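Letters A, B and C name the chains as they come in the text, with residue numbers starting at 1 for each one.
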Amino acid sequence: MGRVEGKVAFITGAARGQGRSHAVKLASEGADIIALDICEDLPFAHSPHATPEDLQETVRLVEAAGGRIVARKADVRKRDEVDAVIAEGLEAFGKIDVVIANAAAIQYKNVFDLSVEDFEATLDVNLHGVFNTVQTPVRHMIERNEGGSIILISSGIAYKATPAPDYSAAKTALITFARALANELGPNRIRVNTIEPGYVLSPANDNPKYAERTARLLGREPFATPEEHREALWEQLKPRNMLPVGWVEPEAISNAILWLASDESRYVTSEELKVDAGFADK
Amino acid sequence: MGRVEGKVAFITGAARGQGRSHAVRLAEEGASIIAVDICHDVDLIAMPLATREDLEETVREVEAIGGRIVAREADVRDSAQLEAALADGIAAFGPPDIVVTSAGVVPFVPFPTMSEATWRTTIDVNLTGVYRTVKAALPSMVEAGKGGSIVFISSGIVFRGGGLVVDYASSKAGVVGLMRSLALELGPHGIRVNTIFPTNVLTKMLDNEVFGAVVSNAVNEGRPFESREQRVEAMRGMLAARNMIPLGWIEPKDISEGVLFLASDEARYITSESLRIDLGFGGK
Amino acid sequence: MGSTVATGRVAGKVAFITGAARGQGRSHAVKLASEGADIIALDICEDLPFAHSPHATWADMEETVRLVEAAGGRIVARKADVRSREQIDAVLAEGLEAFGKIDVVIANAAAIAYKNVLDITVEEFEATLDVNLHGVFNTVQTPVRHMIERNEGGSIILISSGIAYKATPAPDYSAAKTALITFARALANELGPNRIRVNTIEPGYVLTPALDNDKYGERTAELLGREPFASREEHRAAMWDQFKPRNMLPVGWVEPEAISNAVLWLASDESRYVTAEELKVDAGFADKSA
């Protein structure tokens, strides 16, 4: 019996990276998956986003892990697109037990470079997108009256001053969003928690565009290979963590997701679960 | 010599309540005031907001104590309005040294039924509006090279936010994330950024029928109160129970003292700080 | 008894647990044993004069031993006082002799007086600090030295309390339990390079013999301004109703196993990158709105 046997989890940003890892981990422990991803680049975001092929690969991996999956291309900024995917998922699986609001976008601009329009664009995905992701499942869970587990992916940036006012604002807001929602939905036995990842190696930073940024920040010529970039990134990030690592792998975040999604954490609500190799408190 | 003698303070939401109190207190201590307020109600926000008459009263009170003030109507959701108001203020007094973001709205709606439009409005005013305010003031502050003090008014609800305030609490928490990022980036420019978390203040934000309904549901089984006095007394009891110091609320001037301290040079090494002025609410 | 051990989530690990004779400590010992760990356990097994309620007995500890072995684990269990460094080190030496290593430390032993600032004397304040803070120092330092030498990392778990987030009229317990959070954070910083993780768990209300006893029943009745309870069940029912409004989830308390679930997670490699974390298991007690 898997640790989330028979549960249905709704995951945004599931086409690659952390979201894919969560989908596969939960499926390997007995859950069915409703997945969405924008599957296209966002003009204001720093690095490329996922592709439809990425989402198909997630489907393949989830099914190989023994799970069923409904996966659709959808934009969390658009409530009707999100609701359409949820409706399909409910049609297929009959319920939602777990929500993982993982879809995000990041620009890496400081206050002098980040216009108000840029600020709003980030909030649109990282904050309004979370509102859109969560509200319909919450209504479903209240009606179904079997409780539920809502997990919002915040960030270590909530604890560590970073020159990115948009991302800082949105990810910090999510912690209190979870706290307030946990208070409101406690009587319905719906738990609401956040996870604060530190540095995670995923396609969001393991890509040529981000490599250009790393090289620039380190004041050196461009990297010849992804391996070279990864090495330099590891050395750059390692001193910022307590544990002697530059980053954690997506599976480490998925371990926390699995725990919060399962009944093992049935009394845990309004919690901020850092998985960050000690980044926040270094 | 006043504690902010010769400084220029840019204050949003200044037409009444906390914003007016900050304007008057800073003026008392020698600052010139650039005051803005939307001065009309906002769609989807049931509570009544300030009026032009309110803003004129703020002007009267500041001038009555010998202060100087430029007051303009501006919606913090509109950068052009903010910039125009600020330009008038800068023309009169010079660039701002102090920024106080006091403008805010709270709809009091349960999450399951909250419309996306209401959610977005709350975020637009309370969070993006704060970023707009900073972005409007920043160029002249940085150019003047004198440093400065930015004070965000958040809310104690961030620590104990419950039902009916998911949007409000989130927006007020977002401001904290903003503070931390800006404090880091602006430190080298001598611009400090701090946040105050007030507990309830008896201003029109609470002293209205909308919050009255919240109170009557909580302590009066949903029955409406017979008078404002009865509503206020019920509110006092309900709120006092949440605080370490058993009062229902504090006065705007209690918050203004915190604003004044953080705005002044007495706080010259304080940045990225969270200051609760809240009867102990956030720690209870 | 082999199959669980081979596939358990802490298979092959050795965990050192203080306050293990009953309640939460016993629950952690049994949970970890059921997932493949061996246990080094200690408990004071006698009452403390300044503590409000009775503590465990040696008979309790014998029951823990029985339950751990029934769950498939080996155990070295001794009577020892965490205020005494020699006593702790003696138990550790025996445990290392038996099992060869320590992977996990759970500093769970505690004492509580329930006195407010006007009633508590400095001596009483120091007495609880002795158990709840100095006792944790004693519990942790020798295993840390061992882990550094062995160089295979480790997981240290300090049991703090929801009291760290919720003002409570108990200055001694508040001070000690809040201090543990920063103790963990500082230790996590210092030991990060050694891959030793240090975390705290903040339980809310947990129903154990620490609350579920006659002495505490008297206290509950007094606080509620009513006559003494006729039975344990009556006390429990009143306590449930008393605590429930303080939690987000509609429960008066959680069972010890809920805390053990968190202990298991932090002890296992599933949480290998989690350090300096405060893991609340409290039904939403800490952040409950008015």
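As a working rule, a residue touches a chain if its C-beta (ideal position, glycine included) is under 8 Å from a C-beta of that chain, and two chains touch if they have at least 3 such contacts.
Computed from a prediction, not measured in an experiment: that's the story for all the values here.
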| item | value |
| --- | --- |
| Given subunit A and subunit C, the chains that contact each of them | B |
| Innermost chain by mean C-alpha position | A |
| B-C against A-B, pair bridged by the larger set of C-beta contacts | A-B |
| Centre-to-centre distance between subunit B and subunit A (centres being mean Cα positions), rounded to whole Å | 32 |
| Rounded Å distance, subunit B centre to subunit C centre (Cα mean) | 43 |
| Multi-chain contact sites of subunit A, meaning residues that touch two or more partners | 179-180, 183 |
| Contacts with two or more other chains, residues of subunit C listed in rising order | 287-289 |
| Subunit B: positions in contact with at least two other chains | 160-163 |
| Interface residues, subunit B side, partner subunit C - complex | 159-163, 241-242, 244, 280, 283-284 |
| Residues of subunit C touching subunit B in the complex | 166-167, 287-290 |
| Interfacial residue positions of subunit B with respect to subunit A in the complex | 79, 110-112, 114, 116, 119-120, 123, 127-128, 131-132, 134-135, 138, 157-158, 160-166, 169-178, 180-186, 272 |
| Residue ranges of subunit C in contact with subunit A within the complex | 185, 188-189, 192-193, 195, 197, 204, 247-251, 254, 258, 261-262, 264-265, 270-284, 286-289 |
| Residues of subunit A defined as touching subunit B within the complex | 79, 110-112, 115-116, 119-120, 123, 127-128, 131-132, 135, 138-139, 142, 157-158, 161-166, 168-177, 179-181, 183-185 |
